[in-house]
Amino acid sequence: MSAGERIPVGIVGASGYGGVQLIRLLQDHPRVEIVYVGGDSSAGKPFSELYPHLGHAFNPTIEKIDLDVISDRCQIVFLGLPNGLACDMAPQLVAKGCKVLDLSADYRFQNLETYTTWYRKERTDYDTAAQAVYGLPELYRNKIRDRDLVGCPGCYCTASLLALAPLLKQGLIQEESAIIDAKSGTSGAGRQAKVNALLAEAGNTVGAYNVAGAHRHTPEIEAVCSDLAGHDLRVQFTPHLMPMVRGILATVYATLRDPGLVREDLLTIYNAFYRSAPFVKVLPNGVYPQTKWAAGTNLCYLGVAVDNRTDRVIVMSAIDNMIKGQSGQAVQCMNILMGWEETLGLPQLAFYP
Amino acid sequence: MSAGERIPVGIVGASGYGGVQLIRLLQDHPRVEIVYVGGDSSAGKPFSELYPHLGHAFNPTIEKIDLDVISDRCQIVFLGLPNGLACDMAPQLVAKGCKVLDLSADYRFQNLETYTTWYRKERTDYDTAAQAVYGLPELYRNKIRDRDLVGCPGCYCTASLLALAPLLKQGLIQEESAIIDAKSGTSGAGRQAKVNALLAEAGNTVGAYNVAGAHRHTPEIEAVCSDLAGHDLRVQFTPHLMPMVRGILATVYATLRDPGLVREDLLTIYNAFYRSAPFVKVLPNGVYPQTKWAAGTNLCYLGVAVDNRTDRVIVMSAIDNMIKGQSGQAVQCMNILMGWEETLGLPQLAFYP
Amino acid sequence: MSAGERIPVGIVGASGYGGVQLIRLLQDHPRVEIVYVGGDSSAGKPFSELYPHLGHAFNPTIEKIDLDVISDRCQIVFLGLPNGLACDMAPQLVAKGCKVLDLSADYRFQNLETYTTWYRKERTDYDTAAQAVYGLPELYRNKIRDRDLVGCPGCYCTASLLALAPLLKQGLIQEESAIIDAKSGTSGAGRQAKVNALLAEAGNTVGAYNVAGAHRHTPEIEAVCSDLAGHDLRVQFTPHLMPMVRGILATVYATLRDPGLVREDLLTIYNAFYRSAPFVKVLPNGVYPQTKWAAGTNLCYLGVAVDNRTDRVIVMSAIDNMIKGQSGQAVQCMNILMGWEETLGLPQLAFYP
Amino acid sequence: MSAGERIPVGIVGASGYGGVQLIRLLQDHPRVEIVYVGGDSSAGKPFSELYPHLGHAFNPTIEKIDLDVISDRCQIVFLGLPNGLACDMAPQLVAKGCKVLDLSADYRFQNLETYTTWYRKERTDYDTAAQAVYGLPELYRNKIRDRDLVGCPGCYCTASLLALAPLLKQGLIQEESAIIDAKSGTSGAGRQAKVNALLAEAGNTVGAYNVAGAHRHTPEIEAVCSDLAGHDLRVQFTPHLMPMVRGILATVYATLRDPGLVREDLLTIYNAFYRSAPFVKVLPNGVYPQTKWAAGTNLCYLGVAVDNRTDRVIVMSAIDNMIKGQSGQAVQCMNILMGWEETLGLPQLAFYP
């Protein structure tokens, strides 16, 4: 592979779903070239052994993870590894001048104690972590521009925060009234063999899990919500597993401070809030999103309702958990970091049905 | 067909999903015999033309709907018709001495104005309606025993009310804090050809509909909740369509009045409340229901969590929308009406997976 | 548990899907009582830890596998273990007087060399294997009556052989023209965590595997077909994985010897062949089976077509892979072994849809 | 809309799935601009009323179908109408100088009597029909270049013919031994409300339909096969409905004339045959396609196996039924017609999973 005028990028952890989405997206991206694909257990294998359908277009041998090789060869590095590994690699990569986009949870928390509580890994990379920014461009676009290290948000968090942000930022809802009932396809669990993610188990059924604050995305959502509100707050977050492959729908409930607000007011506020966000689409009055409208795109669709009987606002937020909820968002952050057009190389229209 | 010592029963509206579940259940019921199967557009057809897989076991010709014939032949009549038709038939059937179990919405409301508002049908059968009871045996078992006419609950309502009833009856939650986020398989929409229920449309996706109090089950749920609480109250109810055939999960959120209550307290209360309810299974601490655990049974599984960070109780309720949510509940009501064992002829164990 | 007048039965390997189906079926069976449930990795756990939905009805502690304990306590033993383990247990159990129904492949082959070739396990239990019968009652009912040991057929084999048997037994088709294109739900892969059986992988897609004679069910099907035809023959068998939980459809193609035969002739032949088979339902002219018609039942539905343009017969055979294709068939064999009504305790009507 | 240097194109029948795929593809196509979107029942509606997720990117008002308007405004016209309507429009559009790509069956048959037999519509447009070419570029690329009117192939036919063509063209298989066992997602039935395509009916199940030559795609496949073989022949074609939205897998069986051929020989032949076909990907030895590898792309993946026990070749062919099986293929034909790069505007990499 020769880089030409394209920027050389590397992907560490290419065997998982995050990795394969990144490859799919970056293959179509006009400004980069994938020059390194690394993995641990898959090192030495041709990529097509893991994903045969890509063999005709992309088939490098997966290399073992060697930070010197990576930083020599790549200007931008995506880390798509299980939680707790990126924090051992990012300090060296950043020190060597790489721009690093981490898809794991390692750089999502400003408070590393919170991270350690939930992810059971002690951290020593305080300086590196202090440089990281939370990679949700719709909220932190300007901060992303300046950084070398981005902690890309979790999929549930992306869907939930895009629904909640205008409400919290504008102080429209009663504190701590927010309830997020989230529904995810099973690809969110990754490509690991687990009994509960088998089609035979997860097909044909719906259930909640990690109820009552027990999901790792709760502290991540709360940290950003607290930042938006200007003080600490708690939200109720309940994830559910859906019998489908891709997509997240977050149905968010909150009590309005001003019961006089109607749906049109909220739509005006949401449209204004996301005026310069190319990937957030606020739906018209009475239209609520389907997750598959966002499938294969980096879009987030928002539907907004107000129930004046109960003084609640209800916001429905739909994304593709593997794109806007993961790899697409990382590419969006890369575009911003590099000063490129934010939408570069990112699909904006789904195939339907 | 000769009735022997079995009680002769009839099914009006046998072509829909409610009808075919009833036939499946009543074929295995030891105390009844199906002696009449009637329909409108399907009259004259052999039943196996509609449901070929049943042809080997049950294949009467569908008769046209003639109330005299029905009341002459049947002691018990199940009405499985679209909303707004049962109220034209039930008065005569009851007058002729039939026990009537209606699966539509027609006899679910004590306040017929509420019915007319939501179902756009004027009502004149006040006397008949006044005799009807809401057929949720776990709440109204004793009333069902005395009546000739049962309005069997909607599927969403059954799942929601079984989750909420102990909280409201015991006054455990703050008024109007209840939010029901409900998820249903598409069979709930019936066997009518509709674009939005096509597999191509509803497959692979999740979305909400009739948000903000706009679903007909909202007034039905509120009427029963108000009855339980002893005064009028409103709940938030949001239905979602799932990419699966059968099953409903209702995730119910409410704020506890006493923030000192913990999960074990709630489990004790739920177990006590449903002590004599053979079809409600309160799950142990930390176990949350899957809808397919209830598939093909008349069970309702309840999982209970308390979030002491937010002072909320979260109850998850899973049923088979076509059995406990429809035809099985009607059979359960019949058993009670007739003084039979409540569980007679009703399946209690699912096939898993 | 006290056995009363019920026959005490044991299940070895209760944690898999075969085990949980057996428990579901035997709980409803009027002549037996489950007195032993054993497992290897799950020993010591309450059964409800594996299958929480059954906890309310059945929750023994899983015992470790001790053949003396089993044979002391049980008159009938079901072995639901991975291939290659039953042949180490069955000799002793049979010697101690137990009736053994093995759900694995260990006793499906009269020729143990074929077994060893495909399952890579050397066999020494020649005497025990010689006593075993292939547990497909529709073909070998009379032989099953006499035996102590039944090798229950594979799921693909059951669907395929019930479609092919009348053609081969009556010599109606050209030798070796038979092609079986089989489609299975993913539960056939069992409850083991495997990447290719994840919902994220197997959802939303269809593909063939083990093409061109490479599936272990090929020699099993060929052995029975050869027995039916009276001499060795080969068939083409191609399995496909479907995006669904349960069910197998085998579409079988074969060239008719007599091109003058029409569909009605074939239907007559099939109806005669299965006249005394209570679980095989030959569908009327022009009706072809859906797998879900058989779901939750021990039925096999057969649809028969003749294409007089091509002189081929096409037979479609639908079963529930976990019931008629596995545990239900084992119960059917038990009923025959014990001289009970063949249909005892076996469901014959599906819930639809 | 102003056309600039882009070619103005129109879509007639934009409300169906074919229409919405075309719009999705043509929106990304660098050489065309959609200047007309027409429909019958949907005329006067904004397009977003039918497909709300596209509203942010594409939202013209659907116009009524007026051939003068269309031919005045458009240089290229796609007809995505039910069978039997295009043949009333194409003559006038072609006469006025439009290039017409018809997605229906109307121009797929050189023999209009065959068309009339199967589609029950008398034809009078002999001259126009004689100018049409069958739009399968991999077989008729050179003919497509010269024509004004393309009859785009059916989805089942595309998958089947790409699998069979090398075998027939090279005379490798015994005549009339070909059997096509095809599996399709339900989107192939279109966006019409039909009971059998409901998720409640088609979910969770597999079944065959139109067995024994009764499907309209049989004569279409046979006509092309006969053309390839140089004389009339018949094939066995059996369609099956899968519980999934998109995708077709055709599993094709045929007996080899030369039993000495092995898999590697066949792979060499297939690779040579499709050397200049940018959308056909022949998979390596032992790899068989999944339909979702092709989802959202214009690719056809072919897996080839030889069973030397039975002297059969087995070819598995996977496409996206709505893209390579319909609208993508029409765009590919347009590219060829216009002398553009064949792959222009057509996606070549799926998102997986």
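The letters A, B, C and D name the chains in turn, as written, and every chain counts its residues from 1.
As a convention for this text, a residue touches a chain if its C-beta (ideal position, glycine included) is under 8 Å from a C-beta of that chain, and two chains touch if they have at least 3 such contacts.
The structure presented is a predicted model; accordingly, all values stated were derived computationally and were not measured.
Chains that count as touching both subunit C and subunit D, per the definition above, are A, B.
Centroid distances from subunit A, each centroid being the mean of CA atoms, peak for C. Separation between the centroids of subunit A and subunit C, computed from CA atoms only, is 45 Å. Separation between the centroids of subunit A and subunit B, computed from CA atoms only, is 40 Å. With centres taken as mean Cα positions, subunit C sits 36 Å from subunit B. Chain contacts: subunit D has residues 17, 187, 200-201, 203-204, 243-246, 289-290, 293, 295, 353 touching two or more partner chains.
Of all residues in subunit D, those touching subunit A in their complex are 17, 20-21, 24, 27-28, 48, 51-57, 187, 204, 245-246, 281, 283-284, 287, 289-290, 293-296, 301, 322-323, 348-353. On the subunit A side of its complex with subunit B, the touching residues are 176, 179, 181, 183, 200-201, 203-209, 211-213, 234, 236, 238, 240, 242-247, 249, 251, 253, 288-293, 295, 303, 305-307, 309-310, 312, 314, 316, 318, 353. On the subunit D side of its complex with subunit B, the touching residues are 17, 185-187, 189, 191-195, 197-204, 243-245.
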